[in-house]
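Worksheet for the structure shown next.
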Amino acid sequence: MITHEIAHVGSVELLTPVPDESLRFFTRVMGLTEVGAEGDSVYLRTWDDYEHHTLKLTAHSTSGIRRTALRTWSQDALERRVKAIEEAGLGVGWRDGDPGVGPTYVFRDPDGHELELYWESEWFDAPPELRPALKNQAQAYPARGVCVRRLDHVNFLSAEVEPSTDFLINVLGGRTTEQIRLDSGDISGRWLHFTNKSYDIVYTRDWTGANGRLHHVAFATDTREDILRAADIFLDHGVFIETGPHKHAIQQTFFLYVYEPGGNRIELCNPCARLVLAPDWKPITWTEAERAKGQAWGLKTIESFHTHGTPPL
Amino acid sequence: MITHEIAHVGSVELLTPVPDESLRFFTRVMGLTEVGAEGDSVYLRTWDDYEHHTLKLTAHSTSGIRRTALRTWSQDALERRVKAIEEAGLGVGWRDGDPGVGPTYVFRDPDGHELELYWESEWFDAPPELRPALKNQAQAYPARGVCVRRLDHVNFLSAEVEPSTDFLINVLGGRTTEQIRLDSGDISGRWLHFTNKSYDIVYTRDWTGANGRLHHVAFATDTREDILRAADIFLDHGVFIETGPHKHAIQQTFFLYVYEPGGNRIELCNPCARLVLAPDWKPITWTEAERAKGQAWGLKTIESFHTHGTPPL
Amino acid sequence: MITHEIAHVGSVELLTPVPDESLRFFTRVMGLTEVGAEGDSVYLRTWDDYEHHTLKLTAHSTSGIRRTALRTWSQDALERRVKAIEEAGLGVGWRDGDPGVGPTYVFRDPDGHELELYWESEWFDAPPELRPALKNQAQAYPARGVCVRRLDHVNFLSAEVEPSTDFLINVLGGRTTEQIRLDSGDISGRWLHFTNKSYDIVYTRDWTGANGRLHHVAFATDTREDILRAADIFLDHGVFIETGPHKHAIQQTFFLYVYEPGGNRIELCNPCARLVLAPDWKPITWTEAERAKGQAWGLKTIESFHTHGTPPL
Amino acid sequence: MITHEIAHVGSVELLTPVPDESLRFFTRVMGLTEVGAEGDSVYLRTWDDYEHHTLKLTAHSTSGIRRTALRTWSQDALERRVKAIEEAGLGVGWRDGDPGVGPTYVFRDPDGHELELYWESEWFDAPPELRPALKNQAQAYPARGVCVRRLDHVNFLSAEVEPSTDFLINVLGGRTTEQIRLDSGDISGRWLHFTNKSYDIVYTRDWTGANGRLHHVAFATDTREDILRAADIFLDHGVFIETGPHKHAIQQTFFLYVYEPGGNRIELCNPCARLVLAPDWKPITWTEAERAKGQAWGLKTIESFHTHGTPPL
């Protein structure tokens, strides 16, 4: 069993047809910091990210996620994983990395989502105006908008969940912490982790049968209070709140879902102090009947959760 | 016994020798909103204030508090209180009110602090860019810096506590909720309220024997988490944190004290859900021995609490 | 205009057909403390109540609220209000008060809900095992279950809202802070306050046309985090969660609604630092269209909110 | 470089000269659950521990920590680490594990603290009365006292910090996240982690020169609010609060330190969402001058922090 080859999710590239509005959302409302721009893309960072950037926001004809970057544990791990991906026939090839990132290997999961692996990463060196008071912090707390702390996870939509998650398990060393098994026996959602966080990458079924779409990208806040406060901020800024705040039964995450102006679903999440430390964690499998009960405290799962993905079809 | 003549503390005028730095502190760090300027003064408001402004910040040769405004319960109450003040020989006279405020009667407490009473008050009508999403809120949540909700209380320093508090009790209808009695029998601190808040105006002894000085002005936050978050914001902005966050034994307020750039001590406070609803509240009297135990959870009362007041001597 | 005659809501008497289960709910799950029993009733208190008890829980053939007690501001206020009630023809008469309560005048609102007024009240003197560490607190924090701080408000159902609320306004000095006006012009909900809390007594329309029923009784928690924590406690104890946690648009209260085992709806509420301090508060009137938007952050108002009341019909 | 051989800290054995009082502290005040007793020991668990127990509390002539258990990542990892320990000459030998734990290898760090490694671990199967509502949780939330979520870390005192930490680094694969370097060049404190938590085992200098002592054992809470609430609970239960709540500059942990009745220092800690995900984390080294500034928000490091350890000398 492959373990500890992937260190964590590094960054994501989101596409938006309304780049100015999306940029305003991520900087003014979410509280990310702009650290550069290149072509049609702007690079943004959360205040607790040790790397150059957390989000690459790219102007495009439509919405969706272009690429998800995973940092490997080491140069050796990078080489081993590239070899395994190539053997699986899903490699795309080496690319120059984005700013702050070294040689990058691009590949696709069986559903077609684009991912990349990299090892070399330049640590963020805060300029004077972003310098934090405490030297064990990447940059000063922005104190503007929601102020999310870090990228937490990516939730892909996939026509079929098992091929893509099996690929991440077998080739990258992902491990299942929780999943949904339909009465038919099919897995309709699977939560994978590489870290002690209880999930880093999630796949849920795309009921339209489309490939390569995004369900949501999630950012972690320091506290649940930050999420309650965020709901007020979203309300005042006219950001569409899809559902929440509430607590998921699956993974017990406290959540809030909104759509950024470009249409991509964004989650704010907070797991309290929950971590998966067990090396022999036994995956939790939820049945359809259990899922029908809704979220932890009884909120029904919102219908659009099963229909809205980006790009729209 | 006079009751319910004063509705609440309305606003305060603070003096600062470094107006630009103080203004930056109140807007960028504390999250108040500027609503006007006149002469050497800038008018600022907290987001939950229904009136025109909460704070009048005035450039001056030194720091301190110039005037504390109390809104009466009615026009009749205003007239009754002015009469009583005049009978007490402490009236200064009628003045035109500041922006948003009607006819204003200025007076002094026995220690010399300047106060004013007014009844007419223009409700704040938020311009489009400050309009809140919910119509039962005065303005949109600024989502910038600490974002204090409202002015909570003023704590005056007084050479002697009893004359000034007796004046507020007898002439304005203040009521004592808690106080400190020294072994000598002297009252060295007294907490008065006009509302269901457990205090609105506080007098503590000025050990220098000076008159008319300020101990601190306090702003309420929505949550204790807001105060913890504020401590990080103060740290990153280089604001001097004097003491806290911690919980006062007296009044059980969760607190954090800082000095604004002009030198005035500012408190962030949160009482959780504490209210004094009892019409026959029995004042709590703390002894010197009890005070020696420090704050609620054991933090020793910081020495500068007994020495720092504004203006400096 | 009558003002400040009523100090606050004192206590409520709830009826339950399953007294053991209800008692267990209020003590083990909600964290109230039992302070006595008499006949079919048990007396319970929240830890921040200065009076003898907060809740009288009475075994009965069905659920519902029997009596709501309001403490007057003074003996004179009590006598004045009794006179006014008698003039309105809604008095029932003087009764011996419950434990800790002096002479009590019972009356009914136009919809038939039983209320009482009293002035004399014995302050709670905590026995050694309940003695708090801080002398400005009524009893030690129970640290068991939810640990609600105090009774917050009562929400009556009423066949017609206006007659009952007009009665409380005209005879008791209640003041409207917010209300719902239907397109028909009818008021279908009205929030009244006697204190600086933004509401103490609420009337909402009973669409069944029945009289004297209860929508819910609400207890305040210190923090919103207490409510999130409570939701987990309710979940583990099998308590039915009807809706929440979420934030009301009306009054902006953070809420969670459950049914106690006897069927009565219980709210946990937290207003953050919101207070109504303005003596000339302008009532907020919500339209049907505004109400159709649901709660503050978009949660649809749950259907049972319009149908479930106690006793059941 | 050895990595990922140790999965996490599993449990600790604490010694107490007043076992009944200590047991009462851990169950009633801290909210742990008793799951068994054997000889002079009682086994206790936090509600989020997937293993049999979190704490073994043993009656003894004095206080202190007897043994700290680390779970390996696998059986192979266990065998590799035992071999390395034996090569380092610090092994004690194989023992039968405590209840729920398989074959256990006991050893000592260079300072003499007793540790154990184990792989086999029986997952906790909650009896009906402790069964949680959500199946991805080990047991129901106790809703009694502080309700700590899990064991977070152990902080040993050591006559010299470097030999012991070098041993854990070289033989067990610990990694340094932060440390204190005195002007003399000596390391006086070092924070090691095996997980994505930013520390799991800490060594700080024992200025008395004694060996094998304990500075503190820390338990994590879900929120900072839980720690504020805990401070009130400690106050009402007469538990000695040494310092806090406040935020450490090192590791930025929100903390509260108390002494359990047996004298052992216990920390409540909450890191918000802080995790160390970087595989190439660059250890943060604090200087004496930086340490002199005190904790994050300015609280001076309490003197007893440098003198109190268990057992007392």
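Each chain gets a letter, A, B, C and D, in the order it is written, and its residues are counted from 1.
By our rule, a contact is a pair of C-beta atoms (placed from the backbone, for glycine too) under 8 Å apart; a residue touches a chain by one contact, two chains touch by 3 or more.
Quick caveat, the model's predicted, so the values are computed rather than measured.
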item	value
Any chain that touches subunit B and subunit A	C, D
More contacts between chains, B-D or A-D	A-D
Whole-Å separation of chain centres (CA-atom averages), subunit B against subunit D	44
Interchain centroid distance [CA atoms averaged], subunit A/subunit D, Å	31
Where subunit D touches two or more other chains at once, by residue number	134, 223-225, 232, 235, 296
Complex contacts: residues of subunit C adjacent to subunit B	3-4, 7-8, 48, 50, 71-74, 121, 123, 134-137, 149-150, 178, 195-197, 220-225, 249-252, 270-275, 277-282, 284, 286, 290, 296
Of all residues in subunit C, those that touch subunit D in their complex	29, 132-134, 140-141, 143-146, 223, 225-226, 229, 232-233, 235-236, 238
Residue ranges of subunit A touching subunit C (in the complex, touch as defined)	224-225, 228, 231-232, 234-235, 241-247, 254, 256, 296-299
